[in-house]
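Look for subunit A in each of the two complexes below; its partner is subunit B in the first and subunit C in the second.
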Partner chain A sequence: MIEQLKIDFEKLIKNSNFSKKNVEIKRKSFHNFIEKGFPNRREENWKFSDLNQIISKNIKNLSFYNDLSKPNKIDQSIFIDGLEHNKLVFVNGRIEKIEFDYEEKNKIEILDDLVLEKSNDDNNSLLSLNNAFVSKYFKLIVKKNYSLQKPLVIYNITNKDLVSKSINLKVDIFLEENSSLKLVDFSDDKSNTNFINVNYSFDLQKYSILKNYKIDNNSNNNIKYYFNYISQEINSVSEIFLLSSGSEFIKNEINCNLRGKYSSAFVNGIFILNKKKHHEIKTNINHLVENTKSYQLIKGVLEDTSKAVYQGKIFVDSKAQRTNGYQLSKAILLNDNTEFNAKPELEIYADDVKCSHGSASGSLNEDSIFYLMSRGLNYNEAKKLLINGFLLDVVEKITDSEIKNLIKNIMSLKQ
Partner chain B sequence: MREKEIDKLKDYKYGFTTDIENVRAPKGLNKEVIEYISKAKKEPNWMLDWRMKAFERLKILKEPNWQKPKYPKIDYQDIYYYSAPKSASEKPKSIDELDPKLLDTYKKLGIPLQEQQRLNGIAVDAVFDSVSVATTFKDKLNEVGVIFCPISEAIQKHPELVKKYLGSVIPLTDHYFATLNSAVFTDGSFVYIPPGVRCPMELSTYFRINASQTGQFERTLIIADKGSYVSYLEGCTAPMRDENQLHAANVELVALDNAEIKYSTVQNWYPGDENGKGGIYNFVTKRGLCKGINSKISWTQVETGSAITWKYPSCVLQGDNSIGEFYSIAITNNYQKADTGTKMIHLGKNTRSKIISKGISAGFSDMTYRGLVDISSKAKNSRNYTQCDSLLMGNKCGAHTVPYIKNKNPESNIAHEATTSKISEEQLHYCQQRGLNPEEAVGLIVNGFCKEVLQQLPMEFAVEAQKLVGISLEGSVG
Partner chain C sequence: MLKIKNLKADIESKSILNNFNLEIKPGEVHAIMGPNGSGKSTLSNILSGKKGYDISGEILFENKNLFELETEERAHKGIFLAFQYPLEIPGVNTNIFLKTSLNAIRKARGEKELDAIEFLKLVKLKAKELKFDEEKLNRQLNVGFSGGEKKKNEILQMSILNPKLSILDETDSGLDIDALKIVADGVNSLRKKDNSFLIITHYQRLLDYIKPDYVHVLMKGKIIKSGGAELALELENKGYENFN
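Showing the complex of A and B:
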């Protein structure tokens, strides 16, 4: 694989006109990746999901060079119906459409000619890989005091042409003081066995609000890694919702840093898995100053031989007095061969804090099923009702009613 | 000078040393030392072979380094692996023949071996540095067929039992410190409870490290045969020294059908002074195997000492319907560090486990609860309940919780809860209003916080533990 990597990397440098500075940073990142390789279970972070093994098992002849010179057709039918929204469309890793029809033009800025920053975490080899192979890196800036009228949907689409490729995307979002953004990540894959590596960075200035909904619902056998870095200033709020269901393997990593007083972070997630899917959510919430708050709720329903992993960590710095941290993970195992692994972790250095976590997993409550069946439902209906109720709890946490309804429709949940 | 000594002793009352002539093996870890130990213990050949196998294995093993408290590299060649009071080399037949200095030492520790016989009906095995010096109540135990003796004696007298069970729970190849122990272990207790016998008294071992530059590597093996019951207590102390001393013990428990073992520890090794100098590295491997159906193993620990505590008393629940329990209080003050917890491995059907862990950190200390609950796909209808609470005093200390929860069985239930908090102003105010001074108030609240675990201890130990909790936190309220 190393040979292939080297060839592909040189090809990328040759065929693109990166600035000198960028080439230098790319080379550094590239060497870091070569040295470390794909993470394996010997790394604590990847203990429950050995990516190296997963990739070598699922993808044959992974190639890293992606020819982005020709435009791809956009299949209009995948656009979300019944929701007015702005669009950013990536097809097979190439940007195909930027459309902000509902917004004031001078309030939003999109930069794509940027100097890469050195990856802030050299231990994460996937960020190095992303840095080395990303071709265009975007930055969206929302100006001071502006709230987007309509949500922005980033479509990440792959079509049949894409096979055994590594796709790397990098998007930065900068919310200036008192601005707000609703962002939906929507992926739709018709491709086979690719490795998709997305690196998001969110910078929330004072009083800004970010709502990010990540929807991965359509079955496909791609391997995905989403890294989300969030930095929050005074009084900012971030809300993240994950619907983790479609891909063969997906790991969502959220690294949230509460740097300003009274900032708060919410992470809610749902796993709905079947077949041999293997999904993971890993969160790292760092409370760095006083009076910050975080809340995490993760629920999963597992079927067949699927496996879900939740690794959640709350870190409280010694300066971060009066922190409030909460974390709960629950899973229902429907089959003999399903597996739920959790590692809810607390690392606390301040004394005036309220932190708690809980985790539970088990089967459906037979008494509840009996109750519903005695009222005329058949076994499957009763089961479905209970599962829906279990998951609805998380969906109800979504604060935007329009998107809440959209997600309910996608999950075919009705009240 | 003398006053200084006395001042020092106030903080850690077990910090004295005893001037007793020692016989030591040469310093360092090598084949000759292991042969020396084996010879000194008059061991049969199979035992020496076993040690050598462990030593060979040790050469290719690496010291683990994933733990939270880091420590400076240990020079394994700079430790005495065997140290025995000279007077014990000719083994005394009864306690009356013991070196009076040794008896004095144990008196100071609050375990007068002679009076013990008459007073509270606890059989004691006392381990001083590397040898077991006295075991009380032998006759009475013999009557019901209970074997309670130093393990070196068991190797000679009951080789069939030792051969069968030694290393059956913690294999030779387990991990670095367990393997090190297998190669160089010196003494420890051996307990065998015959079928259907309920051990008539509490069994107890008292460990003491006396000599300097010595590591203590004891090995305890407890076997509860079908339908038997035993409660076992362990206590430990060491003198105050500026150097760090290593304590790497192995404890193996085997419970057969319908048997129950209750293992309680009050660990009070020297924790180092208030600047974090000296103290014991307590790297212990404790594991119990619920081998038979309906068996039960319960660990209770009160950890207040040691510079670094790094241990996970675990239960392997192999037999159907077996039960594992873990109750723990860990207190760290000054610069102490602890990384402790448990592992509950569910293999059999209908197995149950319960984990109650209370951590208290004060001063500049650091405390980690690390636990594993693993329910395998065959462990149908198993249950686990985990609760781990931490209490922080001041913002220079840390409290961490790292549970690993693995569930592969849909018919099983796992519940985990954890909280971290501090003593609230209201609670303190309430107590002070009723006439308690701040330290007493904190003591009362902390004892309430720990109550669930303290209740699990046998009565005599509970009183001691309660006092210990108070002493460990002295000076942490300001």
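Showing the complex of A and C:
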């Protein structure tokens, strides 16, 4: 693989017009990746999901160079129906559409010719890979006091021409003071066995609000990694919701830093997995100052031989008095060959702190099934009602009613 | 309507019911009384199709072999069990559940399914009759309901589904006297020439309000004595121990 990597990297540098500075940073990141490779289970963070093994098992002849010179057609039919929204559309890793029809043009700014920052990717080889191979790096700035009128949907589409490629996207979102954004991540994959590596960075200035709904619902056999770095100033709020269901493998990593007093972070997630799908949610919520709050609720329904992992960490700095941290995970295992791994971690250095965690997994309650069947529902209807009931409270945590309805529709949870 | 012949039921090779016989005709109300562990709940579970028992003998419901029907098919044919311990189903709205249930049964019977408005009209009427707090119907099924509310909810379901054979498994236990009267009124309002009831209870108390046509005494998995309503009083005076 290393030979392929080197060839592909040189090809990328040769065929692109990166600034000298960017090439320098890219080389550094590239070498870091060469040195470390894909993470494996010897790393604590990857102990339940050996990415190196997953990639070698699922992707034959992974290549890293992606020709972005020609535009791709966008299949409009996959756009979310019944929801007015702004669009950022990536097809096979190439940006194909930037459309902010609903917004005041001077209230948002999009930069795409950025110098890579020397991001601290030394410990995360996937960020190094991303830095090395990302072709265009986007930044969206929402100006002070502006709330986007409509949600922004970032479409990450791959079509069937794409096979065994490594796709790298990098998007920064900067929310200025008292601004707000609803962001939906929506992927549609008709492609096969690719590795899709997305690096998000969210900077929330004081009083700003980010709502990010990540929908991975369409069945596909790609391997994905989403890294989400969140930095929050005074009184800012982040709300992340994950529907983790469609991909063969996906790991969503959320690294949230509560740097400003009264800032709060919410992470709610649902796994609905079948076949041999393997998904992970990994969070690091860092309470760095006093009076901050975090809340995490993760639920899963696992079928066949699927596997879900939730590693949730709450870190409370010695300065972070009056922290309120909560996390709970629950899973229903529909048969004996499924696996749910939950690793709660609390690391607390302050003394005036309220933190709790819990995790439970079990099978569907047969008595409940019998009760529903005795009222005329067949086994599958009873099962579906129980599962939907089990998952509903996570969906109810979504604070945007329009998107809550959309997600209920997608999950056919509409009652 | 219901004919049980030589029913024998074991669970994990422990005999629960043995040589159990019972016939219920349309319009009749039968009460089965018995001490703890006599097999009362097993009987109601078996009638509604709960798995996990080794069963022999025969049960005919309207001349159809009940053992050939799944739990939901029995519900479609008009068998209803009011549970001794109604289950809490988190995340499932009570109204939605009731509508799903009613429409599943109507559909199986070839009747038109009710739309939301028709359903709400029906449920409002029934809830009012049973003095059931309508606001509770918008909550999760049985979650946070008191014991009495859960039991009333069973009777509400019964009156909405309008079954042919209703089995009340210790519906009176945990009810205060006012709730008991409401439940009894609910049952009595459903008494028609085609609807039958099997009332399973420890106590004679409920039978003050729902007058049974027959009373059976169940001991160690077998009916040891049958008689009219007066048998319940006799039982109450003597106690199970001195009976026989």
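Details
Here is the rule we use: the second predicted complex is superposed on the first by the 414 of 415 C-alpha atoms of A that agree within 3 Å, B and C clash if a C-alpha of one lies under 4 Å from a C-alpha of the other, contacts with A are read in each partner's own complex, and residues count from 1 in each chain.
Here is the rule we go by: a residue touches a chain if its C-beta (ideal position, glycine included) is under 8 Å from a C-beta of that chain, and two chains touch if they have at least 3 such contacts.
None of the values given here were measured: they were computed from a predicted structure.
In the superposed model, A:Cys355 lies in contact with subunit B only, and not with subunit C. Judged by the touch definition given at the top, the superposed model places A:Phe370 against subunit C, while subunit B stays out of reach.
Touch criterion met: A:Lys343 reaches subunit B, while subunit C stays clear of it. Of the two partners subunit B and subunit C, it is B that touches the larger number of subunit A residues.
By the touch criterion stated above, A:Asp400 is placed in contact with neither subunit B nor subunit C. Once chain A of one complex is fitted onto chain A of the other, the partner contacts of A:Asp304 are absent, as it touches neither subunit B nor subunit C. When the two structures are aligned on the shared chain, A:Leu333 is found in touch with subunit B, with no touch to subunit C.
Of the two partner chains placed around the shared chain by superposition, subunit C is the only one that A:Asn388 touches, whereas subunit B remains out of contact.
Of all residues in subunit A, those touching subunit B in their complex are 44, 318, 321, 331, 333-363. Here subunit B touches subunit A in the complex through residues 66, 377, 390, 392-422, going by the rule given at the top. Note for the complex: subunit A touches subunit C at residues 365, 367-368, 370-379, 381, 385-386, 388-393, 415. Only residues 48-51, 70-72, 74-76, 80-81, 83, 86-87, 89-93, 96-97, 100-102, 104-105, 108, 140, 157, 161 of subunit C touch subunit A when the two sit together in their complex.
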